[in-house]
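In what follows, chain A forms one complex with chain B and a second complex with chain C.
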Partner chain A sequence: MKKTYRIIVQTLLLMAFLLSGTPSQAEDRVQLRVTNPFENKTPVAVPAFHIAAASDHEKELATQAVTLLQETLAFTGYFRMVNPEAFLEAPSQTGITEQDIHFDRWRSSGAELLVTGSLTVSGQAIIGDFYLYDIFRQKSLFGVRLRGAGSPDENLRPLILKLADKIMVTYSGKHGFFGSRIAFVSKGSSTPKEIWTCDFDGYKPAQLTRNKAITLTPAWSPDGSKIAYTSYVNDKPDIFVQGAWPGARRDIVTAKGTTNITPAWLPDGQMMAASLTIEGDQAIYLLTQKGKIRKRLTRKWGKWGIDVSPVFSPSGDRMAFVSKRSGSPQIYIKNLNNGRIERLTFDGKYNTSPAWSPTGDQMAYAGFKDGHFDIHVMDVRGGRPMQLTLGTGDNETPSWSPDGSLIVFSSTRKGKSSIYVMNAYGTDQRQLVSLPGEQTAPVWSSNLNQ
Partner chain B sequence: MGKTWRVRLALITVLLTMLVAVSCSKKAVETDPAAGITAQETMTEETSDDAAATDAALIAEEELMKKEAAAREEARTAFQDTDIYFNYDSSAVQDSDIAILEAKAEWLKENPGVRITVEGHCDDRGTTDYNLALGDRRAARAMAFLESLGVEADRMVTVSYGEERPLDPTASEAAWSKNRRAHFVIR
Partner chain C sequence: MMQAFTHYLTGGDENRFLTLAVLFSLTGHILLFTLSHVLTTSGYKPHKTPRSIDVDLMQTELPPPQPSKESVQAKSSAKPATPSTSAPSKKATRKKTAKKVTPPAAKSFTGKRPTKRKQRVITPDELVQNALQKMAKETSKKEPLSHRLNRLKKEVADRKAPETVGANDGAATGQPTAVQMSIKERYYRTIEVIIRKNWAFPTQMASSKTQLKTQIIFTVMPDGSVRDVWVSLRSGNANFDRSALSAVHKSTPLPPYPAGITDQKIPFVIDFDVSELL
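Moving on, here comes the complex of A and B:
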C-alpha cells in the first residue's frame, strides 16, 4: 500500500518533470498541469470509408483499412475510438467532404476528431482520399490523396500508415513511429536464440538471423538498415553486423578477446561501441564496423572489472553504460567531451539495460528489487526514478519508440517471456507479439521510410 | 673454419644417434605393449608405497591394465564433472572450491597433453548482457587460479555462456546456486 502510494507520488512528480522543459520550470508547472497525455485520450470517430465500385474485394479492403487505422491510432495511446453505434451519419453514403459533414451531429457522438475516407481500387493501384475534421471547431484539418502502386492487398497497410502519420503530425506536430520496426531475440523449443523483426505494432514477425547458434543483444543502426548483435557462431560470443532483411550477409566485427558483446551504434551510424575483453578486463571500446579499435572508452578499474551495455545520447555527446565498479551493476554516464563519468542509478543493487530516450532527457532501465526486474525511467541528470512496471513477473530490456512516447520491453507476466509495449508513463501495457517459445531483448528502430 | 665444421659434424652425429634411439624406443612401445606396461609398473613401484606395490604385483597384468584404465577414466570424468560454484554477482573463487581446483591442476599436470575449455555460467536472475560478462569473469578467474597452480595458460581457453545454459532452469535458490558455476571441458 505504502509502495503503491510512493509509486503514485513518484509518477506524478516525474510526469510534472517530463512536461516541463527545464527543471527550473518544473515547480511552476506542477500546479498548472499534471497530466499523463495518455490518460485523457482524444476520442476519434472513424466511420466506414466510401468505396467507388463496390466489389466484394473492395468492400473487404475498405473494412480492413478502417480497422487498421483505428488500431494504429489507438496503438499510439493518444486516441480512443468512439463506438460506431454513436454515429448519426454515414459519410460513406452521404459524402466525405466538408460540405456533407454535420458537425453538430458528430459532436453528439462524443468524438473530437473525425476521419472520413474514400478508396478507389483500379487494377494494380489503390487511391485513397482522406479528411481529418476537428468536430469542436467545425473545420477540416486536412484533406489528402494517397496512392499506392502495386497489389492493393500489399499496399493498403503502407497507405493507411501514411494516413495515420499525417494525422499524428497534425495532432501533435511530430511524426509518429509507423515506419519503425522492432527487433528482438526469440528462442524456439529446440532452436537456439535468433534475432527476429516485426513492424512497430507486432505485425509480421519474421526470423532475421539463421545462425544456428545463440544470438543475442540486437542493436539497430541509426538508419535502420543494419543490425549489430552478439552471436556464438564461432563457439564464443563475438559481434556481427547484418543487413536488416532476411538473407542479408553476416559480417564479423570482432574476433580477438574471449567475450565480445553488447554492440551499440554511434548516432553517426559509422562507429560502434562494444564491450570487449581484449585487455583482460571487460571494457568498452570505440571501434569501426570492421572491428578496428579506435579508442578505449572506459578505463581499467580492476583486473576483473565489468563495463557493458553502452548506449549513446541522441546527440552522441554522452554514453551510458553498466559498470560493476561500485561493487554491483549500476548505470553510469560518461561525458565524451570532457571524459567525466558520473553514476546515475543509486536505487537498488542491480540496475542494467540503459535505454536513452530519443528526446535525450530520460533514461529507461531495468532494476532488480524484491526478487524481480522492473522497468524504471529517470532523468539523465539524476533524481528519483519512476517505476513503470510492478508485480508482473520480470520486466526487462526497455527500448523507446522513435518519438519517445512508447517503451517496448520483455516481460514474464504470463510465464514465458514475451514482448510488451506501454506508454512512457507506464500505462496501456499490452503484449506485442504472440509467438511460440520465448522472446526477449526488444529494440525499437528509428522511424524509417515515412 | 675446419674446427667449426668438426664441431658441427660431431653435433649432427650426436643428434642423429639420439633420433635413431628415440624412434627405436618408440617403436618398441608401439609393437610390444608388454614393454610399455613394464615401464609403467616400474614407475608405479617407484612412486607408490610398498603395500600397494606388493598388491599390484600380485594382480594379473591384464587386470591391472583395466584398473588403471578405469582409474584414468574416473579421474578424467571427475575432472569434467566437478564444477566450482560462485556467489550471486561474484566471480571470486570460494575457499570451499580451492581443493577442487588443486585436484584439477594436479590432474592437468599428470596429463600434459590435455587442453581444456573453462566455461563460465550464471543464474538467470540478472541481465543477459551483464551475465555474459560475469560468466567471462568467472571462467577467467578459474583459469587464472589453475595457472597460479602451475598449469600452462596456453592449454586453457575460456568461454562465457552467461545465463544461456542453465543446468537447472527452475526458479529456486537451489537451481540458481547450481547454475552459478565454472565448468571444465576437455577439448
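Moving on, here comes the complex of A and C:
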C-alpha cells in the first residue's frame, strides 16, 4: 500500500511541476503597436554583377546592367538603392549563389533585399544568372537564368527589364510596367506638333507621326499596338489611327464632322469613341475603327453643350468625359448600362483631361485654380479631390501607369512644357524626357510583351 | 495527517472503489496535461529563421575586424574610413538616404545609354583609388574603429548611469515598484521607436480599400538579443509581412535591459499597421 501512496505523491509532484513549467505563451506578452513605416521604400542592395571573362566589353555591359537595374527598380517608387559603400561583401568576387552569401554581412548594409547576378557574353548571345535574396529571412526568393539572343548591346536592356519584372512579381505579386510605353505630343522650334513615343522611363524617344501638320491627343489601343490621334492633315481636325512604330501607315478613322477630336478606345479594343460635330453640336459618338457611327453617347444640350475627351473605365461599363453643359468645363461620368450621367467634379471652374485609373476606382484630372492647372485625383464615386501638384507652373494631362502606381503628366515648371512623372500620391516628381521644343499630352500604354 | 490519508486510501473495501476512481482521474489529468504541453510546444515554431539573429551586439553597429590590405583593395567600399560614409553610423545614414529624392531621370533625345543618369555607380578603378586613399588616411590618422568603440562604450555607460540610482530599491524586495515600472515602460517605448525606425514599406502599395495589419511575436533576452521571431498574424500581403519581420530583425540586437529589469526574458507582441492612407 506504500507503493500506491508513493505513486500518488509522485503524480501530484509531476502535476505541480507541469503547472509551473508551462511554456512562455501562457505569460502575458508586452503589447506594442507600430503605425506607419518610418521609411516609404524598401532598401535594396544591387552589388556589381559577376562576369565570366573579364573583357572590357563584358565589364562595360555588366556596369550598364547594374545601373539600369538600379534605375529601373528606383523608378517604380517602391525601392531605395542602398549605397554600395555600405557593402561588406562583393558577390562579383566571392560568388552569387546562396551558399556564397554571408547574410550576416549584408544585414549591416541596411538593405532588406539583395540582387546578385552574373553575365556571360558568348558571341551573339548574352546569358544572365540572377538571384534575389531576403537578407533577414536568409533565403533565396528566386534564381533565374535569362537569355538574350542577338547583339549583346541591344539585348541587355530587355534582359534587365525582364529581371526587374521578375523582381516586381516576387516582391508585390504583380507585374511591373517595364513593357509599357508613353506617347506624347512634341513641338519642335520650326516643326508642328507631332506624336512621339518613348519607353516607360523616357528611354529612346522617337518621332512616330510625320504628318507635317498639327497632331494632337494620342490614344493607345488597349493592346498597345496602335495609336489614334487628332490631326489637321486636311486643314481641319480629323481622327486617324496608325501602328505604334515609326513609319507605320496612317489610316483615317473619321472626317465626317467639321471638327473630329479626342479619340478614345473602349477596353475591348474594337470600338472607339470621339467628339464630333455632325449634328451642329460637339458630342461624343461611339465609332468602329473604320469610322462607322454606332451611337450618339451624349445628348444635345443647347448651344453650350460641348462634350469632349471621352475615357472609359477599365471594365468598360462607364465613360467619363468633359462637358460644358453647366457653363464651365467639368468632368461627368456616364453609366453605359443605364444611361445615367452624373457630374463628378464640383471643385473649381475648369476641370479637364480625365484619366481613369487602371484599378477603376480613381480619376485623375487637371483642374484650374488660382491661375494654374494642377493634377488632382479623386474617387470616381465622388468626394474630395486630392491635389498632387502645387506651385510648379501648369501641370496638365495626367495618365496612369498600367499598374496604377505612377502618373505621367506635362508641366511648365521649368518654363517650357515637358513630360514629368510622379507616384500616384504626388511624391517623387521628376522629369521623364528632355527634348528640344515643347512636350505635352503624355499617355501611358498598357504593359506590352509580358 | 498523512497517515490518515494513507488509511483513507488503502482503507477498507468500501474505500477501494473511491481510490481507484481518484487514481483513474489523476492519470487522465496527467495524460491531458502532458499531451497539451507537448502539442503546444511543438506547434510553437512556425518561423523558419531561428537563432541566427542571436548575433553579437557589435555586429550590426560596427564593421568586421580589420581586413588585410589585399582585401581592402578588393572591396574597398566596405572599408569604414570616415564615419560619415560607413555602416556604423547606420541610423544617421539611414535618415539621410531616406530623405534623398530620386534624381530626375531626364533622358536626352540622342538615345544615350542610361549610364548618363545621375545614379552614382562606382567603377572598379574608382574602388581601387578610394581604397588607396582610405589606406593613406588611416596610416596618417588614428584608428577610427577604436575611437568609435570608445564612444559607444561611453554612450552606454552614460545611458546606464542615471537608471542604476533608482533601480536598487525595487530589485531588493522583488516586488515591482513604480520606478521599476517606469523603467520598463521606457524600455518598451525605446524598442517601439527602434523598430519603427527600421520599418520600411512603400505605403502606396497598400490599396486604400484594405486595412493592412500584421502581428510579430518575439522574445527579448537580458542582453538585448532577440529570439523566436515569428509572424503570428498575417496581413494577406506577403510583402507587408516581410517588411514587418525585417523591421524586427533589423532592430536586433536591441539594447540590453537597463538596470532595474530583473526578468529572465520579456516576450513581446507588436502590431504593425498602416493607417491614414490618403
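What to note about this one:
The rule is simple: the second predicted complex is superposed on the first by the 410 of 450 C-alpha atoms of A that agree within 3 Å, B and C clash if a C-alpha of one lies under 4 Å from a C-alpha of the other, contacts with A are read in each partner's own complex, and residues count from 1 in each chain.
The rule is simple: contacts are C-beta pairs under 8 Å (C-beta built on N, C-alpha and C of every residue); 3 or more make two chains touch, one makes a residue touch a chain.
All figures in this text were calculated on a predicted structure; none of them were measured in a lab.
With both structures placed on the common chain, the touch criterion links A:173 to chain C but leaves chain B unconnected.
When the two complexes are overlaid on their common chain A, residue A:216 makes contact with chain B while staying clear of chain C. Touch criterion met: A:277 reaches chain B, while chain C stays clear of it.
Residue contacts after overlaying the shared chain place A:342 against neither chain B nor chain C. Of the two partner chains placed by the overlay, only chain B lies in contact with A:236; chain C stays clear of it.
Note on chain A: of its two partners chain C and chain B, the one contacting more of its residues is C.
Common to the chain B-facing and chain C-facing surfaces of chain A is no residue whatsoever.
Interface of chain A with chain B (complex): residues 193, 214, 216-217, 230, 235-237, 258-259, 261-262, 275, 277, 280, 282, 304, 306, 308-309, 322, 324, 328-329, 350, 352-353, 366, 368, 371, 373, 396-397, 440-441.
On the side of chain B, the complex with chain A involves touching residues 89, 91, 125-130, 132-137, 139-141, 157-161, 164. Chain contact summary for the complex, chain A toward chain C: residues 1, 4-5, 7-8, 11, 14-15, 18-19, 22-25, 27-43, 48, 59, 63-64, 66-68, 70-71, 74-75, 77-78, 80-90, 93, 103-105, 107-110, 112, 134-139, 171-173, 198, 201-205, 359, 361, 386, 405, 423-425, 428, 430-436. By the touch criterion given at the top, residues 6, 9-10, 19, 22-23, 26-27, 29-30, 33-34, 37, 40-41, 44, 48-49, 52, 55, 59-61, 63-64, 74-75, 77-78, 85-87, 90, 93-94, 97-98, 100-109, 111, 113-115, 117, 119, 121-124, 188, 191-192, 195-205, 207-209, 217, 219, 238-239, 242-243, 245-247, 249-250, 265-276, 278 of chain C touch chain A in their complex.
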